[in-house]
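The two complexes that follow have subunit A in common; it is paired with subunit B in the first and with subunit C in the second.
Moving on, here comes the complex of A and B:
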């Protein structure tokens, strides 16, 4: 196996044997591997984890007595909801991603008899993982918005939800962008944990290649590290650029 | 769910307890090593000599952007191979555990260095001048005046990263460690290998990490509340 072939395999992974393809789920997802699979899982974790994070953040958000969900004293008491959301966030944050991944791959079948393709499990567990951490970022972003602007919006007659959607979230979004990108880099690096449950992302692909190339395992792993590093470093540079630009704008105001 | 047979049974519970002890040992050793390394790198980054400053920047840029699991795999599989190619000898036995500690510390120290540096940046510059006026050497000012204040400012971020570091010890599951050096998830996997029951030992391991992380988080938030008050008094 030449160096270029090794690099190509690490980027694209090994094709899934046809008997292992589950026709009920998208074919392209099951046939992805290597670096592209790691990036795809990261992307999907934002697609599904983003809304989850927003819901969790809005449930928890309780500063200035301005929680947006539930009325005190009713069945949907905002303090109970806030407590529940906090428990979910803190609970998931206290478990290492390695254990979350193992739990996602062993518990559903054992407890519910559920058998799903590995890629679905991987996307599910990383969406929850990402959502839980993102909710903290969103919550901080929301509470960093100056209350004066919100008061102004309310004075103009906007409803609570309009203030949230039209004023608070857009302003918070810009402030959150560097932190969200940093989170994306973290999730991308953490997808390497999926190698222990045989999801064919970058790290697992290196192990697969190693079977036929045992003498080159060190080189393969070095190559893997280099690939992870280039993607993460490019992201970090982007984050610090955005951060600097954001600070400059804040200073200009 | 059969915790009585797969967790609280004779050899298995002993394995798991040993795993908990190893998890704690890994956490303590990597915390100490990465704090030490982190301070060293942060000092380099604050140095006046461009060479050392660049070296600090490169260290942080390299290790912060490497995922810990592939880094550990490289240290435990790639490094012995390179060692054998260079010297013709295998790596001495028992090198796995120190390599694990080294890999985790390299990763965490890069984050800590960055946190410490931003803590130092947040200390008012007058503190530097005040220390210099008192006749202290720059090194003494940094160590005895700036760092204590920077630590208080950076404490919440430092604590979060160190808890993360503790959780990272679970990555050892994927590494070829001797049976005695396996942490709690590794021991859970060992039980699963014998009994085919992953669920119960895994839930036990999750509960262990949850307890550790939540109680450490509580300690950190208590400490940083006190530190915050002292920082405000200083200003």
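Moving on, here comes the complex of A and C:
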């Protein structure tokens, strides 16, 4: 196996042999592997985990009145909702991702007889994992916005939701950006635990390559390290660019 | 207060899940559960497909050679699957599902895979959770040595320097073996990888290196050192820590286990087993391990 072949395998994973194709699911859900699978799972965990995080963050009771879902005394009691959201967030935060992954690949079938493609379960478990941590970041970002601005907005006659969408979230977004990037890199690195359930992402692929290429172990480790590192580096360049562009736009206005 | 909430919600979920799993533990036919309680044989018959858990991370048992899934386990799995149809009585579609050391037992328990071949040793601890078919393969620990200095047996290594892989189970096992036989204790030297220890044997720094036969032979062969007759390395004959591999099946599901046993019997009586064994463990294979006096005679008469 040449250097280029090894790199290609790590980026795309091993091709799926026909014996491993489960004809009940679409092929594209089974074919992805290697680095791209790790990135796909990370991406989808933000797509599904982001909204979940926002809902959780908004549900949680905040001394400064951040909670916008449910009002005291009404049917949707704010405190009860906050209570539940807190339980979900803190409960999931206290479970190691490895255990979450092992549970996700075991319980749905055992309890409900639900057999799902591996990538679907991986995305589900990482969406929850990501959403729970992201909700903490969003909550902090929202409370970083000065109350004076919100009061001003309210005085202008904006509704609670308008204050949130037009004023609060856009300002909070910039404050949250570095933390969200850190979270993205953490989630990307954590996809490596999927190797224990044989999901063919980067780490599992590396384990497979190692078996057929024991002599090139050092080179393999170096390549894997470089791939993980370059993704993290690319992410951080992207964020600093984004931040600079944002700053420019604000200054221009 | 918040911790009370966490404890309440997770405690309730835990108890619910626990009860469900407990009802399942008792095996097919006991209590209600989400997963199918019937015999796996009935499930396979009804669905018309069998899901085989297979390891992909250990040569020569199951690994990737370019785009193909190859290995001894993989070939046995294919051969067993091809014979299943005659016992199940309908066309069966075969789906391989990769398993790892962490999931090869639990996915059999849950029914996620109908059978699993992942060079799994039959141990009492594992028998508490799943059942195994008759053994379809074996391994043991021997000592790899330099054949140029003559043929040797295990007792020739009394008081000699033997390399082991760091934190492997070989340390305790070889000590126990030598102590039980009253031989002089060998001096053990630790290595970080198998290939480093094997290289040390070739260079004459140590007298021998020990671990599972299949691992040391396969690693040495892949590194370009021929093991066995015609090579410069060899492994001592009788293993000091023998182990048998079985196909993992769900506990107390004898209808299904019988069918798989019959398939293995058929492989043995038709000679197909020996062909597969020769392909992976024959003299010219990547892991030369002779059949020696191992027997897999099926009890099919009468």
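Throughout what follows, the second predicted complex is superposed on the first by the 215 of 253 C-alpha atoms of A that agree within 3 Å, B and C clash if a C-alpha of one lies under 4 Å from a C-alpha of the other, contacts with A are read in each partner's own complex, and residues count from 1 in each chain.
In this text, a contact is a pair of C-beta atoms (placed from the backbone, for glycine too) under 8 Å apart; a residue touches a chain by one contact, two chains touch by 3 or more.
On a predicted model such as this, the values are computed, not experimentally measured, just so you know.
A.B. asks: After lining both complexes up on subunit A, report clash or fit for subunit B versus subunit C.
C.D. replies: Subunit B/subunit C on subunit A - steric clash.
A.B. asks: Which holds for A:232: it touches subunit B only (first), subunit C only (second), both, or neither?
C.D. replies: Touch partner of A:232: subunit B, not subunit C.
A.B. asks: Examine A:189 and indicate which partner it touches, taking first as subunit B and second as subunit C; both and neither are also allowed.
C.D. replies: First partner only.
A.B. asks: Applying the document's definition of touch, where does A:17 land relative to subunit B and subunit C: first, second, both, or neither?
C.D. replies: In the superposed model, A:17 contacts subunit C only, not subunit B.
A.B. asks: Touch test for A:217: subunit B only (first), subunit C only (second), both, or neither?
C.D. replies: both
A.B. asks: Between subunit B and subunit C, whom does A:244 touch in the aligned arrangement: first, second, both, or neither?
C.D. replies: neither
A.B. asks: Which partner chains sit in contact with A:106 here, subunit B, subunit C, both or neither? Use first/second/both/neither.
C.D. replies: A:106 contacts both subunit B and subunit C.
A.B. asks: Classify the contacts of A:27 with the two partner chains as first (subunit B alone), second (subunit C alone), both, or neither.
C.D. replies: A:27 contacts neither subunit B nor subunit C.
A.B. asks: Quick check on the superposed pair: does A:156 touch subunit B, subunit C, both, or neither? Answer first, second, both or neither.
C.D. replies: After superposing on A, A:156 lies clear of both subunit B and subunit C.
A.B. asks: Classify the contacts of A:47 with the two partner chains as first (subunit B alone), second (subunit C alone), both, or neither.
C.D. replies: So A:47 meets neither subunit B nor subunit C here.
A.B. asks: For subunit A, give the residues common to its interface with subunit B and its interface with subunit C.
C.D. replies: Touching subunit B in the first complex and subunit C in the second, residues 90-91, 94, 102, 106-107, 110-111, 195-196, 215, 217 of subunit A appear in both lists.
A.B. asks: For the complex, give me every residue of subunit C touching subunit A.
C.D. replies: 1-3, 5-6, 8-10, 17, 20-21, 24, 33-36, 56-59, 63-65, 67-69, 78, 93-100, 102-103, 106-107, 109-112, 193-195, 219, 222-224
A.B. asks: What residues of subunit A sit close enough to touch subunit B in their complex?
C.D. replies: Listed in rising order, the residues of subunit A that touch subunit B are 90-91, 93-99, 102-103, 106-107, 110-111, 185, 189-190, 192-193, 195-196, 202-203, 206, 215, 217-219, 221-222, 224-225, 228-229, 232-233, 236.
A.B. asks: Considering the complex alone, what residue numbers of subunit B touch subunit A?
C.D. replies: My answer: residues 61-62, 64-71, 73-74, 77-79, 81-82, 167-171, 173-174, 185, 198-199, 202-203, 205-206, 209-210, 212-214, 217.
A.B. asks: Show which residues of subunit A lie in contact with subunit C when the two form their complex.
C.D. replies: 14-15, 17, 19-23, 83-84, 86-88, 90-91, 94, 102, 105-107, 109-115, 195-198, 200, 207-208, 211-212, 214-215, 217
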